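So that you can tell them apart, the chains are marked A, B, C and D in the order they are listed, and the count of residues begins at 1 in each.
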Amino acid sequence: MRSPHGNAPRGYSEAGLMENSFAGGGPVETQARIVSMNIEQGGVHTTLLYAPEIALRAVPMQFVQVKVAPLNDPFLRRPFGLSRISPEEGIIGITWATVGRGTSLMGLWREGDTVSVLGPLGNGLRTDRVLRTNPGPHGRRPVWLVAGGTGLAPLYPLALSLGPHCRDITVLYGARTAEALMDTSLFETVGCKVTVATEDGSAGVKGRVTGPLGHLLASFNGPLSSNPPLAVACGPTPMLRAVKAMLRDTPVELYVSLEERMACGTGLCKGCAVKAAPPRSGYFHVCSDGPVFPAGEVLLGGEGQGA
Amino acid sequence: MIDLSTELAGIRLRNPLVAASGVFGYGEEYARLGDIRWFGAVSVKGTTLKPREGNPPPRVCETPSGMLNSIGLENPGAEVAAREKIPWLRQFGVPIIVNVSGNTYEEFSELGTIFSDVEGISALEVNVSCPNVSSGGMAFGMDARSCYRAALSVRKTWKGPLIVKLTPNSPDIVAIARAAVEGGADILSLVNTLIGMAIDIKTRRPVLGNVTGGLSGPAIKPVAIRCVYQVAQAVQVPIIGMGGVSSYRDVLEFLMAGATAVGIGAGLLVDPLLPKKILADLEDYCQEEGIVNLSTLTGCAWKG
Amino acid sequence: MIDLSTELAGIRLRNPLVAASGVFGYGEEYARLGDIRWFGAVSVKGTTLKPREGNPPPRVCETPSGMLNSIGLENPGAEVAAREKIPWLRQFGVPIIVNVSGNTYEEFSELGTIFSDVEGISALEVNVSCPNVSSGGMAFGMDARSCYRAALSVRKTWKGPLIVKLTPNSPDIVAIARAAVEGGADILSLVNTLIGMAIDIKTRRPVLGNVTGGLSGPAIKPVAIRCVYQVAQAVQVPIIGMGGVSSYRDVLEFLMAGATAVGIGAGLLVDPLLPKKILADLEDYCQEEGIVNLSTLTGCAWKG
Amino acid sequence: MRSPHGNAPRGYSEAGLMENSFAGGGPVETQARIVSMNIEQGGVHTTLLYAPEIALRAVPMQFVQVKVAPLNDPFLRRPFGLSRISPEEGIIGITWATVGRGTSLMGLWREGDTVSVLGPLGNGLRTDRVLRTNPGPHGRRPVWLVAGGTGLAPLYPLALSLGPHCRDITVLYGARTAEALMDTSLFETVGCKVTVATEDGSAGVKGRVTGPLGHLLASFNGPLSSNPPLAVACGPTPMLRAVKAMLRDTPVELYVSLEERMACGTGLCKGCAVKAAPPRSGYFHVCSDGPVFPAGEVLLGGEGQGA
């Protein structure tokens, strides 16, 4: 039987075409069942999806592309970072804010529905790679996770996988107000120190996340150079820009996780361009070269303009 | 046994599905996502004489049942394409169409010369319809005379099958199609994107860095079908129809309108497995309808 | 207090929403569905000198995020419109735009004469962009000269505000817009429908009785926004922007692109209460954004 | 708060605009809650919707326009005849077959979902009118309900409302095969005599519905002229054409319920044209002049062509 919209997954058996969808260990497209839909602190949703092939392949900071509804509007998939990766249970999670047409429609999802998910996509940040770049004895080098808004969510699988190896993980997390703050207890459970900042001071430190970052930097002044922290920042571009500026002339090694408007999310269209920092010219592509970049290699929206 | 194969000016395609230019790069990314052999033929990214960086971001934007793109022909240039990209792509044994774009008639000739020396190219596709570059591009495809000259410029240096790719933004696509054929086109591709734009009501500015972009996807399918239907009745050469394919039904619609092969563009960005699914659905369809050769459907909406 | 009102060449509109021609008849059907006073102005069905039956069915067909129509200007003719329809519609106190379509320049002049004698018409809208009639219609809107002459023909006999309605099928809508203004247009309406078609894969025939039809709805919004954005920067007259409005967001996008008022076409067919909902949403939006006069947004995407 | 898609129903209070949606007793647009979704005999779905304003206003053979999904694809509403009208419970029903993109998507509806419904639309067939046209004493004039495929469904409210008044209602119902037959027991419950025909003879009489219609006609030969039956036919156009041809030169008064591709369903667009029979010229509009027409007033697809 043909699928109602002519595009549900199915086997194809003609000789010469592959039996299996994929040549290698690349991303897969799967009809994922919604295991749970929770509205969480900060007004965000966390949706857990049964997608064992993706859960098996994913590394922290990768993302998935989700087809919100079966027909042509919304047309493009929506990219979301992975807030949970559980290969044992075959489950992945996305944590998302309602911002527009697609995410409004996602609010109508129910447990038991299936949605088409494509992933895992992007480079991600492999724990072994993070650890390899640690020059000191494993676990000695401090890790700073800097987050703004929903940018906190994809850092959780990273913290979880680093937890057993790094004894010193600090989460710096900023939001507009106390109400917009997502739950940070998961991070605390895996042993991270969490500092929260709100712009209006309604919770944690008053001001932006760069405030506590400055303090952290100051407190590290001594040991910094001998055992430079590794920082990973995820959040709105202005925040990334500020964090990058603050850490520029320090030995802190900064990775930034970028967002850009995407069509495919798979490297096909060259839509998600981000300017390469000099001396390189041209563009990187967030979905295939990123979303995680060494901060020095990219120009963050407006950065370096007029220079 | 159902036969999905078709022929484009002597090029044998195992099935009528063509990866449209610009959504397939040179195949490297796709090879990680699916099987290049699912396609009857592949058209590589619009390639220019010199490498191009492309346009500033944002470069893509969703619209109702469609999308805008202003990639701006980001590509490594003809030399790299000829030396590295195409030789790699040959291993899959799928006919390769090289989509080329020039700023001047001379550049078009030169592109023809460069690719004449490369083995394994089944056809050159002259893009006289790209809306995203400031010089050349669509300008050539908007009137019959310049389209004719652009086709002729490649024809002089390229002896293999020549495809001219037309824009739906022209006022009279039939006249332009005729001019392309007179200029030497063996095959026509239609359609490229419509010119559109979107405004971000939050920033109150155009969404795309380049302000306007090319509209593609299911939204434009009715325009594309109309173009294929009109042109197929006016010219003798085969047509690669495209614009908004997202299911086997759309493929059938293009074939019935008069296309011999059917391109998949934006649909591949949404679902990289689309060709595989469409092939399976086409087989089922042929089975149910008792169709032995899918290619017999070409033009049946007007052939009577 | 939020002010949604706007002005089109001296015509005061209580809000920027205009019922687009062809989805509102002469208001009789709409009066049973909603309140005509929800609109800032209404444009009646394309009216011709003589009554017209319209095209054979099927006349409509859904497409992805849009629809095709080939109504073919079914209307009771200018006389009945002038004698019965418009006098009835006056009771609502909403500015009435009479959309007229002629086969020849002379017919356009004659239509101007006929409606000059009718009280309560705020503006005449010259439809040089209808794709669904065999003579006249869109032909006038495809090149600058004939558009100029069509405008001028009405201008000679009609002294009130003159609207010319443009087609997005023309290759250079800015040139046509300028010609319309030279010909005497006080206001421009854009866009009319794109030419499209659909094939029924079951019958293997075109869906529409008239084969091709006009594509409208959200699918064409990016093309319409682009047209308004380009034309608004090139001419001094106000613009009624339309094409794909289905929410207050689309209205804002048209205003920001440079429209002074915004037409609702196919969206009204899907939801006759759309104007009411949009007005409520626009009020909320203005409140949240601290906008006192909605009309100040016009053209802000390019005015800097 | 604005609605997510900018078009959910809401009050509007500015002076000069109406408080209430509608001037008269016309159709209403309402967010109807899905009370139940049943797959029935014949593979059709019956969906019951809580839409009290529509249930109150509707008369048999009217239809509603349903927005299948909230965004723009599918774009147009889908028209369905009313298979249940229960003003007491505030419930209407539609009975529908899965034929294309919209109805496939309707298969994903669940109890508790809300969908936008616009109606009641069209003229319908008012029981009092049917009865008024009965020349004999009330209830004496026979009523024939002739149905093909899903065309049976909208005849049920008509049968139900005629039941108490007409003692002699015959339902002639045709389908391709036994499996495609919808349940007719509701009709029997309200006292109709039901005759079924299948093309392959797998149930009831073998052949088309015109077979039993011919028999009925023959059996009525005597009393027909003094007490001519009233027939209402609903189904595919070829069936309507055949029924019309068969009844043409008889005194049976035939009404046909038509389908045509629709955009608005409300009379706004003039999309649903059906050719008027001579001596009239031009077109009727199925949604506003119909869907029910005296058979003699319309040309049914192809009828009268080349004549």
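Convention: a contact is a pair of C-beta atoms (placed from the backbone, for glycine too) under 8 Å apart; a residue touches a chain by one contact, two chains touch by 3 or more.
All values reported here derive from a predicted model rather than from experimental measurement.
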item	value
Greatest separation from chain A - chain, by CA centre	D
Chain pair, C-D or A-C, that carries the greater number of C-beta contacts	C-D
Selected pair, out of C-D, B-D or A-C, that shares over half of its residue contact pairs with A-B	C-D
Chain C and chain D, separation of their C-alpha mean positions in angstrom	34
Where chain B and chain C are represented by their mean Cα positions, the distance between them in whole Å	34
Whole-Å separation of chain centres (CA-atom averages), chain A against chain C	46
Computed distance of Cα centres, chain D from chain A, in Å	53
Multi-partner residues of chain D (each touching 2 or more other chains)	5, 71-74
Junction residues of chain B, two or more chains touched	63-66, 217-219, 246, 249
Overall pattern in which the protein chains touch one another (line/ring/star/complete/other)	complete
Residue numbers on chain C that touch chain B, as the complex places them	63-66, 68, 142, 169-171, 194-199, 201, 204-206, 211-212, 215, 217-223, 225-226, 229, 244, 246, 249, 252-253, 256-257, 297, 300-301
Residue numbers on chain B that touch chain D, as the complex places them	64-65, 218
Of all residues in chain B, those that touch chain A in their complex	14, 22-25, 29-35, 37-38, 45, 53-67, 69, 71, 74, 207, 217-219, 246-249, 266, 268-274, 276-281, 283-285
Interfacial residue positions of chain A with respect to chain D in the complex	4-5, 69-74, 98, 101, 104-105, 107-108, 110
Chain C partner contacts - residues on chain A that touch it in the complex	71-73
